[in-house]
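Chain lettering (A, B, C, D, E and F) follows the sequence in which the chains are written, and residue indices restart at 1 in each chain.
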Amino acid sequence: MNSPAPSPSEKGSFGSAAAMKRLKQRHRAEMRFKLYGQLAIGIAIVALVTLLISIFGQASSAFSRNVLTFDVRLDAEQVDPSGERDPEAIARNVSGFNLLLQDNLAEDFLPGETDRARLRELYGMFTRLAVLPIARKTAENPEIIGTGQEFRVALADDIDLYLKGGVSERKSLKLGEIQDVTGTLDDGIDVTFADMKAVEDLRSALETFRERSEGDNQPAALIQLGETWFRLQDIDGRTASLTYLAGASTMPAAGTNASTLVLEQSEENRTVSDRQIAWTMLLKEDGRVKSVFNTSLFSHSDSTYPELAGTAAAVVGSLWTMLVTALLAIPVGIFAAVYLEEFATKNRMTDLIEVNINNLAAVPSIVFGLLGAAVFINFLGLPRSVPLVGGLVLGLLVLPTVIIASRAALKAVPPSIRDAALGVGASQTQAVFHHVVPLAAPGILTGSIIGMARALGETAPLLLIGMVAFVAEVPDGPTDESTVLPVLIYKWSTGAERAWEPQTAAAIIVLLVFLVLMNLIAIILRRRFERRW
Amino acid sequence: MDGNVEDFTETRPKQAHTMSEMIKVDCRNIDVFYGDKQAIYDISLAIQDRAVTSFIGPSGCGKSTFLRCINRMNDTIETAKVSGQIYMDGADINDHSIDPVLLRSRVGMVFQKPNPFPKSIYDNIAYGPRIHGLASGKQELDEVVESALRKAGLWDEVKDRLQAPGTSLSGGQQQRLCIARAIAVSPEVILMDEPCSALDPIATARIEELIDELRERYCIVIVTHSMQQAARVSQRTAFFHLGKLIEYGDTEQIFTNPVDSKTQDYITGRYG
Amino acid sequence: MDGNVEDFTETRPKQAHTMSEMIKVDCRNIDVFYGDKQAIYDISLAIQDRAVTSFIGPSGCGKSTFLRCINRMNDTIETAKVSGQIYMDGADINDHSIDPVLLRSRVGMVFQKPNPFPKSIYDNIAYGPRIHGLASGKQELDEVVESALRKAGLWDEVKDRLQAPGTSLSGGQQQRLCIARAIAVSPEVILMDEPCSALDPIATARIEELIDELRERYCIVIVTHSMQQAARVSQRTAFFHLGKLIEYGDTEQIFTNPVDSKTQDYITGRYG
Amino acid sequence: MDYQCGRMLETFGHLPVAWLLFAVLAVAGFVSFFAGRTQAVTVGHGQTERLNSQPNYHGYFVAMATIGPAAVILVLYALFGDSIVRAQLASELPQRIRDLGSLELGQYIDRISEQAARRDAASTGNALFDAATSRYTDLLGLSRIIAVLAALAAAGLGFFFARRQLSVHFRARSRVEDGIKFMLFLCAGIAVLTTIGIVASLFFEAMRFFSRVSVFSFIFGTEWNAQTGADFGAIPLFFGTFMIAFLAMLVAAPIGLLSAIYLSEYASPRFRGVVKPILELLAGIPTVVYGFFALQFVAPIVRAGANWVNGLPFVPDGLLAAQPTSALAAGIVMGIMIIPFVSSLSDDVINAVPQTLRDGAYAIGATKSETVKQVVMPAALPGVIAALLLAVSRAIGETMIVVMAAGQRAQITPDPTADLTTITVQIVALLTGDTEFDSAKTLSAFALGFVLFIVTLIFNLIALRVVQRYREKYE
Amino acid sequence: MARNEAYMSEHIVTAFTDELEHLSANLLRMGGLAEAMINDASRAVVTYDLELARQVIKRDKSIDELEAEAEKAIIRLIALRHPMAADLRAVLGAMKLAGDIERIGDLCKNIGKRCLELTGDENRAAVKGIERMSRAVSHQLQMALDAYLRQDVDAAIRVLELDDDIDDHYMSFFRETLTYMMEDPRQIGSNTHLMFMAKNLERIGDHATNIAKAVYYMVTGETATGDHVEARLKQSGGAG
Amino acid sequence: MARNEAYMSEHIVTAFTDELEHLSANLLRMGGLAEAMINDASRAVVTYDLELARQVIKRDKSIDELEAEAEKAIIRLIALRHPMAADLRAVLGAMKLAGDIERIGDLCKNIGKRCLELTGDENRAAVKGIERMSRAVSHQLQMALDAYLRQDVDAAIRVLELDDDIDDHYMSFFRETLTYMMEDPRQIGSNTHLMFMAKNLERIGDHATNIAKAVYYMVTGETATGDHVEARLKQSGGAG
């Protein structure tokens, strides 16, 4: 093979047998290598898809919300005890409205009940602060006081979660007609079911749940007979002993159709009681509990109650913060880039600045938080938790990103353009501002937007300057106390109640929408104006 | 006396007469498309062995594209589509049974810009023989490397620093290293795509000299921007224009008495 | 009869005799350092007006560096240090009182790669006159643009699409656009740094033709890689080697009968 | 007269003076620009080519000379004016208030300024306070009048002298350009100031910490109980940090590198056009989202997995800690987060390898993978290493994922399913909520931050240096 | 030269075309001069006009100078323009042309010199022979130059054919003069001169033939020994 | 040619150097042939060896062929190698040389042809004169070729000086032969031939001079009419 030309025997064929064998091996190695690459990309994509699915899956339930409808007369006594029709006083009179609705509910379900525990259970169907919108609405239109109005109130988070299937695994079964009823509502009744098979189904359902759960958990079964809900105490053959839960206080008649709701978790293991479930089911049949789109997620500010919490304040806080960030980082970043790329003479000083900026871009974001805490808050005495400080910190954080992106864009403009301008007698500044910067503008803009997107998603440094504070009001300016979306997400994710989970996921989606928008703009800009030299 | 007359021309073999016997690569009806754009129109061309054939023509005339058909480098460009037959020693290189990887070990290529691998000089040369299993031991490999470097006229310049990186050489040396690298896998054909366009006149002259020496062993095809270079190094010249082969013949004839008026105009600096 | 003899040579003014009167740029004892490295060694050279002077030499010989002294483009390179005097019409251009920016409007420059601004053809030309306030109204500017394009022989090709981007032109047209751009600020000297090295032979010939035409109005200095080009376009040729000026004289003499053996060796393709 | 004057002072004390000044400066700028421009045209006798610089530049120059000094004065006033007024007011207050001590005095004056800001505020009844308030308003007004007058004077002087300079040969352009360059330089300086700020704040706070806790026990201590202020041994934190970073790199390095290779060498432009943005999407997701993902999705799986392993017959019971938050969960998710970082950096590096090298390899009959492995990768190696170093640095400094998914327990254990804590987690834990800047607990966060900064700095410096060398090679 | 061929457009570098045309024009001027010299020389012999003979002798210097200039221009062209293909042939052909015309000038000068040696009372028949020959030769040269001007191969071939006539002229003149010399030994001296003049004219004819050959080469790129000219050239081979 | 000048190293492209040397060697071979032809032709005349004369006539064809080859090689060189400066001069000089040597061949052939017309009983004195002249001319040619081989300007100048001698030789031969012719009119025919032979030899001398001039030009780049040669050339100007 070492000879310059091949032997004649090789003419017409390509390669010896040994070479062909070797070639086969080489091609196999080729395929393997290619496969590794595909695998890697597959893993990365699967990870992304999993992430998105898990978040969207969680979030989907947060975008709908169950509301409880009330049809009440706004009793002036309760709503406006002072009688002055002072809007502020009305809006602040949360307890008055609360009582009004509580009474309305109690009238329907527990008329004349005095057991405070039982009442509290009923009142737990919604949270006190949920009446706030009603109060505000009334305050705006005081003339509706005294008239009958229909109101919608957010259902308590646990019950909402229960309806969305979050509290316990459950199973609905039709039990068919009942043959026979004995006993009283107060002491418990025994019913005999006509359909043995249905009873078997119920039993097996209970059994399955029991097997599935750990420890001493006893699955529960709620049975509906007509308008009344009972709790299943025991079942023996076709006869079940039931106790009264809620609903019409009438003995069910034989022949009534029965249905059951089997719950995996026993009452003790749940945040929702059997009775509350029964009430909810009754309200639902009445059409008073309905699932609606969760507008409060966008219109409300933060709240200690997940069903009332929204992202409005955080979104506005983020916007204020971004405004400050943009005002600091973009002009300064671009000018600094122009200076370094076009004017700075190469010496140790500029080398130092250069190294310094590159390093700064790679400094962990939390360090900027420390800087903000130490300099802006401790040293300069600026207030904590305000967009001004957050914006400054984030501005410094993305400054190197903007500088580097701008420099890259400036560098991409070929030196021949500068030469050309200098060659016709333009000064350096003219060459830069007439030619180089306009040509680099799309790149600079793209870089700036991407930098801003990064700032928008940044969390850690803001934690350290106190932007994690609870903010119930939409901030009016950069010096108002506020929080930002990512921090809100962090805060919600640490919430103890399970209802925070979908809420957090929903907030994440709001954040992602903003980010996707910004990146889309950047991509469009890049596609539209990108110039290859 | 007549003997003397013969003697005077002996440095130039009379190719015209012996051509048919010495054809190494026979291209027939080659069309090349880049996407929808046709770059080469039905070119047929037979390239002689042990001679330098040069492709000339104004830029965009398809000479490089055509060159890259011969070792199927157009395969690496996704939009490129080649049709027609190219026979090398009678075998169609576009046949499915022909592996481009093996083909390229028989048809070496040298590029416009010297592109040594970022490895030592030794490894630059040894890389090809290694992947093709052309040397079975360290000693044999050493021999292959030395022989390739010698043939490329680079041995004396680098023998004391075979472990130095290939990129440490000067531009002209780098290009000769690339030629040595191509030679090391014992090709039969060497394609050169404007091998001197990135070099200064002195380095260019060295490469031309080398090409002239290599002609004795290989079939060399060179694409060049410079008519002068084609005139200097090649025995046969093909003139391309707008993707078509306008004229193909002995270099001397092309440069002193071209048949086609387009060739004439191009060569004499008239145009169109 | 003698009249006829004269007539035969009339296309070539006998520069040698009238030189001293027609000197445009007079460089004296120029040294250039890049950092610690000396790139130009004590070069003195007088460039004639209304003639093409070419600088030739192997790469790295300092011809481009020297060219860039003439419009102080070396000022833009930080490490470059130029010493010596360059008199243009008797004024030392390196003097502190001379603004390099203004100097560059009197000494135009054309670069190796065509570098039109990514703007319209019109704006490419109009930019220089605009920043220098050479035209006071739209109409006057139009005239400047047209005149520059005409002088660069590009008017007929682009007059119908002055608003098309300059980069949409072909390579050769782009280079002529760059020449027009240089002309538009009415310079006295035009420096060209290998203006054809990125172009194909046809475009090159067009540029050479243009240079030949422009010679009647300007003092042109051209750096070229190609001796042939220097031979074709220039009346005077300077041969540089290792940062030194080896020989400077009439092009014809340099190419047919150079005085210095280094020039001889370079021109005939021998070397060192 | 006196009254008039007082009214004026008071009015000025209340005016939204910033906007007014802005408007005045803008007008001054315009006026001076046109004045300069017109004068230049006159000087050049209408022939602009006779001028050294174009008329516009003369205009800019005059405007610059007019606005510049005024703006400097106003900026100085904005920075120090308030303190001067306060100092003056403090010196005028009765002795007993001045004796209060700086803190309370400051608060007292704060109250005064708040009161003064309310224009229609009723009397508080406290005569001294009311008097001080009105005095404060007057002082403020006076200082503003002085500042504005000074600014106007400076503007006038600037305008005057600038116009005197204009002539045919005056190099207005270079003067204006010098001004622009100076402004650009100031902007570049901010980046440096930031670094100085970081280093200084971290350093001084860390020094304060080390004056209470010895450096040695901080760096080599193995017990960390900062919340109680008892133990400040940071070894467990270092361990946790590097453990998680290591796990992250285990995920990110091969996946990122291989996908970069596949995308740049194998993928069709269409595939690349689709997949590359998808990978970049991973980079665009905020870390807090990753943290949530780690906490809600990955951690339970890791825990379940650990439990399953523990349940295997030949595995000793409780081999794995199987905590609800674990280093492994954080590591995996952090790895996913870093994939695009590694892949896009490597992609850049691989793309920077010139096509001619690949052509060279193909031309001697190398297959694609041989070309990649033996030509492209060796050429790209320095860049790839740098990319990995930068990724490690990123992993070390990453905060939200570990805060949410790694846990709080400072321990040293090789078990990846145990919960570990990291430097960043502790910084967040120590500095969230109300903090006083004087406790060792708070200061320890700065000491940790200092360590974090130094460590990442070293990684970055090495990586950037390597990258720069690499780029220089191929540019 | 190129201007006469339809397919050949101008060079992109017009200076090149200019130079080539300048060269060609100069050669034609030289040719015209030579033609005039032939006629004048023969007239000087026939009319025994010694003044004219002296003029002819003097005029050779102009042709020599023009030839030197042309040669310089040719070297310039080759060195600076690198002519190729047809251009190269044109330039090298021009070089030959210039050489041939210069030789014609020399030969005319020689005729002039010999004219000065004559006595004025030579055999009229012999003198007539010279006149006749010179007319033929001058015509041949004119045709050759015309072929050059028009780059006309056929015209060039016709010139080649003419050469035989001139050779015949010369041979008969030679024999005739030999007879006169034998008849009248006193005329040996002057007749010898006439004989040499005739020889010179014959040689001028050869040079005209050479010019035609050069034209043939310029246009076709083949030396005028190709198959289709051979037959016509067979007889006129070799120097006289 | 280049090999003889110390400062001139080889071309980087050795093929170029090879071709130039080949060309030069070929010209020298042609020159050698021509020299031999001169000697043989004169021997044929002196010994009245008609066979030798015929050989000489035949040999001219070889020289013609060699000249055609050389000319082709020169065109090749110019077209493909673009010689510059000294190389260009060498190539163009070679072209002149080839032409001159070819002419020498022609002239020798002409002597051979005229030899066939002789009777063998010519005036011995005249024949001796031819022999003497041919020896001088042959020597001159040899010196010119030597100057070419060694690229020696001084040698070339010496050749130019020699030309005067040959012209003197010719003039005396011319007068002498004229006398013989008048003395013996029967010999007019053969003596005329001898006279033309002498004229041919004189012209061969001119060509040798041309070769020397070409050498002078190749080496110095100046035509051999420069100041320092002028004085020596004054007498030998113009064609004989």
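Remarks
Definition applied: a residue touches a chain if its C-beta (ideal position, glycine included) is under 8 Å from a C-beta of that chain, and two chains touch if they have at least 3 such contacts.
Please read these numbers as outputs of a predicted model, since none were measured by experiment.
Shared contacts of chain C and chain F, meaning chains that touch the two of them, come down to B, E.
At the far end from chain F, in terms of centres built from Cα atoms, lies A.
In a homomeric contact, the two copies may use the same or different surfaces; for chain E and chain F, over half of the interface residue numbers are shared, pointing to the same surface.
Chain centres here are C-alpha means, and the one lying farthest from chain B is A.
Once the centre of each chain is set as its mean CA position, chain A and chain E turn out to be 105 Å apart. Centroid to centroid, with C-alpha atoms defining each point, chain A and chain C lie 67 Å apart. Distance between chain B and chain D, defined via averaged C-alpha coordinates, is recorded as 57 Å. Work out the mean CA point of chain E and of chain F, and you get 22 Å between them.
Chain contacts: chain F has residues 11-13, 16, 75, 79, 82, 84-85, 88-89 touching two or more partner chains. Within chain C, residues 101-102, 131-132, 202, 205, 227-228, 255-256, 269, 271 each touch two or more of the remaining chains. Among the residues of chain D, those in touch with two or more other chains are 173-174, 367, 370.
Listed by chain label, the pairs that touch are A-B, A-C, A-D, B-C, B-D, B-E, B-F, C-D, C-E, C-F, E-F.
Residues of chain E touching chain C in their complex: 11-16, 18-19, 22, 26, 29, 33, 59, 62, 65-66, 69-70, 73, 75-76, 79-82.
Per the touch definition, chain A reaches chain C in the complex via residues 345-346, 414, 416-428, 430, 434-435, 439, 531. Interface residues of chain C facing chain F in the complex, by the touch rule stated above, are 227-228, 255-258, 261, 263-265, 267-272.
Chain contact summary for the complex, chain B toward chain F: residues 1-2, 4-5, 8-9, 11, 202, 205-206, 208-209, 212, 228, 231-232, 251-252, 255-256.
On the side of chain C, the complex with chain A involves touching residues 71, 73, 76, 78-79, 101-106, 108-111, 113, 115-118, 127-128, 131-132, 178, 181-182, 184-185.
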